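Starting off with a structure, shown below.
Chain IDs A, B and C follow the sequence of writing; residue 1 opens each chain.
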Amino acid sequence: MRQFSWFNATSLTLGFAFLYLPMIILVIYSFNESRLVTVWAGFSTKWYGELLQNEEFLDAAWVTVKVAFFSSTLATVLGTMAAQVLVRGGRFPGRTLFSGMIYAPLVMPEVITGLSLLLLFIGIGLDRGVLTVVLAHTTFSMCFVSVVVSSRLTSFDRSLEEAALDLGASPFDAFRLVTLPIIAPAVISSWLLAFTLSLDDLVIASFTTGPGATTLPIKVFSAVRLGVSPEINALSTIMIGIVTVGVITASLVSKRTALQQARAEQAAARTA
Amino acid sequence: MMRRTFLIALPYIWLLALFLVPFAIVLKISLSDIALARPPYMPQLDLTGGLAAVWDFITQLDFENFVFLTSDDLYWKAYLSSLKIAALSTAITLVVGYPIAYAMARAAKEWRPTLLMLVILPFWTSFLIRVYSWMGILSTEGVLNQFLIGIGAISEPLQILNTQTAVYIGIVYTYLPFMILPIYSALEKLDDSLLEAAEDLGCSRTTAFWLVTLPLSKGGVIAGCFLVFIPTLGEFVIPSLLGGSETLMIGKVLWEEFFSNRDWPVASAVAVILLLILIIPIVLFQRNEQKQREAEG
Amino acid sequence: MAQSKVKPKQSPSTAAFEPWNDPNEKPLIQFKGVTKRFGDFTAIDNLTLDIFEREFFALLGPSGCGKTTMMRMLAGFETPTEGQILLSGRDIGDVPPNKRAVNMMFQSYALFPHLSVWDNIAFGLRREKRDKDSIASRVDEMLRLTRLEKFANRKPHQISGGQRQRVALARSLAKAPKLLLLDEPLGALDRKLREETQFELMDIQETTGTTFVIVTHDQEEAMTVASRVAVMDEGKMVQVATPQTIYEAPNSVYVASFIGDVNLIRGTANLRNVATAAPAAPESESETKPEPVTKIETDEDPRKPQPNDYGKWLHDRLLAPILGQRVDEPKALPAPTKAELAAAAELQAPVDVPEGGLTIDWAENTPALIAANGDPEFDGNEVVLALRPEKMGIAKTKPDAPNVMRGKVIDIAYLGNISTYHVELKTGTMVKAQVANTRRVSRRNITWEDEVWVSFSATAGVVLTE
């Protein structure tokens, strides 16, 4: 057993306090009665009520979800294809450029990506709106998807695909019947990642959006620029709550499947 | 064969059209002149004019915008200050993150997945919200000042929000998981028996850390530093929400150049220079990753 | 359907299964000058080979010898750089793996983890768009064949390693391929299970009448299961023959030392005088005499006069103050006296030594070794005599054998049923002799440091050139 010193315990406690205290404080203050966010004036849920009546926020939320859904779905398809090409594609002309274009957006400052896409949309005369934001988000999320999926594909036993081919499956069938079901967890989590990235994005959306396509982060940003607001606290609490429930559920589910798998393997060892 | 071509072509063309071509446009516009028109720049390539038009187009390109960037000290100060803020906050994040990653790797095996989830969880919450949460804490009437006055540490509220300090806090806070995760994964792979061997050969616990643990986690440290440094350099949200008017960061300058001044050519030139600055750490980062992969596989 | 063509591969009543010796037999697979290069690396080098129907063919060699590449070319995952591969006379170079009547059992088994055992076996049949009933009956047949009926609904991770191996076999056999490729099929099993499974594999191969090509680096496995073994090295076939031939008559030092344990004794070959093989006792002395024709005489005859007891006494008493201490020749055997030679010849005489072959000069002051089965072509060449340890006898008294060598026991490896004695000969060469342990330990009389005689018959070894 490793020694777990007081030093380690302290750094963990302080570290996680640093990571979580700001959000906890935010959540607590979202239930503050007073508009003056810094003075505690008793428990209240009235800001949630006000938030739910604020049409602008609701519209922005709807636009954001729409954009996130379409862009993450598109990004998952394209990113999985790109991952397949990266890991299994072998050599083809322009491969270096291709992998460069996959990795570059991951480290590209958002201001540059946003600016360049905006200039493109203007250049080709595409009216800015939901479509342009979806295109922009798809482009950078597909790179994240392809990185996640290709790391799964790299550890994937290639002989499974070969076995499928050997048994008479066409390459497409081999992908559909063998590869996809096995890498499905990675594909799903990369879809979730793409969805969150899109929900979260302020800078690229600000550049590429147009009238009628204001997303939630843009709305939030313009609101908080002026200072702390209780409605934003309430909104943040809702978003933090959704994420927390989602992540915890996902980890519990995956823990349970791992446990079941371990039990099944034990049972197998016993019957053998 | 058809399928393979299609499989390669679709993502390839998508990235060419929506990633590479836009850059070409940025480059081109950075070499153009501002015009009071829509779009607000000159010249535009009109292929209907034939070769002469292409020639006109090329001759009208100039480096005026780049010359302008060097003449106005706002820009190079912004670049320098961005580099300084990025470097310093990377160093702080490393100092804060390493002990956390170390403690996680030394924790009992059954706890590690939970700890890991706790580090990843903030990733999934909105970046904007995480930065925003500090506004309520750091403001003059914020939670921190109330707390410090409450315990009698200070009598006057401190001005933290809208200063450089707030920017550093914001960066360290939001990018901390980027630092912890690669270091943790390097430390977690570390074989316990290596430390035991070092102690067996006469090292004290501390020397064993310096001679064995730290060198073996070097790859993770380097990766973590790049993962913090590179995005911080072009950061926009943190300086604009937490920083004050004296906080100069190039991401913010670019944003204002574009949205407030509507000077597209200069904004594009700013972007091109930022990209050139970024190429060095990006290439170094890729080489580090490559080395790691080769060492492992 | 595969079972309809059941024919016993080898049965005592019919002639031995040897299609490779039958000129009328058409090979199922033909490699014609196949070369495969990966960049600068040549994995397979201009290889020509025939494999016949219902054969159990083993590709044996160290890792990197090209055996896996050959198998992958048969399966269609690699295409030859040069040359042709024919299956039933048709070039299959351009046929993709999913359109070949060849199935493969993967080293990792490559069972689809998300499908049950039943669905894994049915996978290939479903690709043929067969109707449901015929798929079901075929899968059930395969489950019966591999005794997996009870596990049909389990997932691969819910069964043991040996069961997984059988699922992989059932799945690859389900489509009744013309040719089944097995890539290290037993590598993941422990020793005991592996031995059982080898016999199972042979049974199944005979029952289904399928041609099997197995890749392995385990020589025992290859010897056990295969009708023919191909020993490969650096992309080339070194020897293709039955297990018996490979073991008893390897064609090169490489094969001899790759398969099993072997003693290699290097020396110069000389044509053996046929006439001397006559049983008459006195003449056998001439066995060692006619060879110096091609040899340097001094080599064979460095017998310096050694002082006898009287001479020693004389030296020690009278000459020592003048000439210094007497130095006896170290280590070298005392030169055999005429009487000793005669005695040795007499001892050898009653042994029935076949005529012909070669004698091998391998060390000074020792009689040449007799290899009655040696190829006369090698006369005068540097040769290697390859001797299996189990063909070597070991005794404390000089045995009655055409070839005897003296040495000292350095090490004894006790393996239960047999013991291997490591004997250092007077020349410094180490040889191994293997003896069955038919007696209890306490009754065995040879132990460490004992002076012993190692002996073997005139046909025990194989004479090879490097």
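Just so it is clear, a contact is a pair of C-beta atoms (placed from the backbone, for glycine too) under 8 Å apart; a residue touches a chain by one contact, two chains touch by 3 or more.
Quick caveat, the model's predicted, so the values are computed rather than measured.
Averaging Cα coordinates per chain and for the whole protein, the chain whose average falls nearest the overall one is A.
Seen from the C-alpha centroid of chain C, the farthest chain centroid is that of B.
Separating the CA-averaged centres of chain B and chain C is a span of 63 Å. Look at where the CA atoms of chain A average out and do the same for chain B: the two points lie 18 Å apart. The geometric centre of chain A is 60 Å away from that of chain C, both derived from CA atoms. Counting only residues that touch two or more partner chains, chain A has 171. Of all the residues in chain C, the ones that touch chain A in their complex are 75-77, 96-100, 102-104, 106-108, 110, 112-114, 123-124, 127-128, 154-155, 157-163, 171-172, 175. The part of chain A that touches chain B in the complex is made up of residues 1-4, 7-9, 11-12, 15-16, 18-20, 22-23, 25-26, 29, 36-39, 78-79, 81-82, 84-85, 89, 92, 94, 97-98, 101-105, 107-112, 115-117, 119-120, 122-123, 135-136, 138-139, 142, 146, 171-172, 196, 199-200, 202-203, 206-207, 217, 220-221, 224-225, 227-228, 232-233, 236, 239-240, 243-244, 246-247, 251, 255.
For chain B in complex with chain A, the residues that touch the partner chain are 3-4, 7-8, 10-12, 14-16, 18-23, 25-26, 29, 39, 96-97, 99-100, 102-104, 106-108, 113, 115, 117-122, 124-130, 132-137, 139, 141-143, 146, 173, 176-177, 180, 192, 230-231, 233-237, 240-241, 251, 254-255, 258-259, 264, 267-268, 271, 274-275, 278, 282, 285-286. Put simply, chain A touches chain C in their complex at residues 157, 159-160, 162-171, 173-174, 177-178, 181-182, 261, 264-265, 267-269, 271-272.
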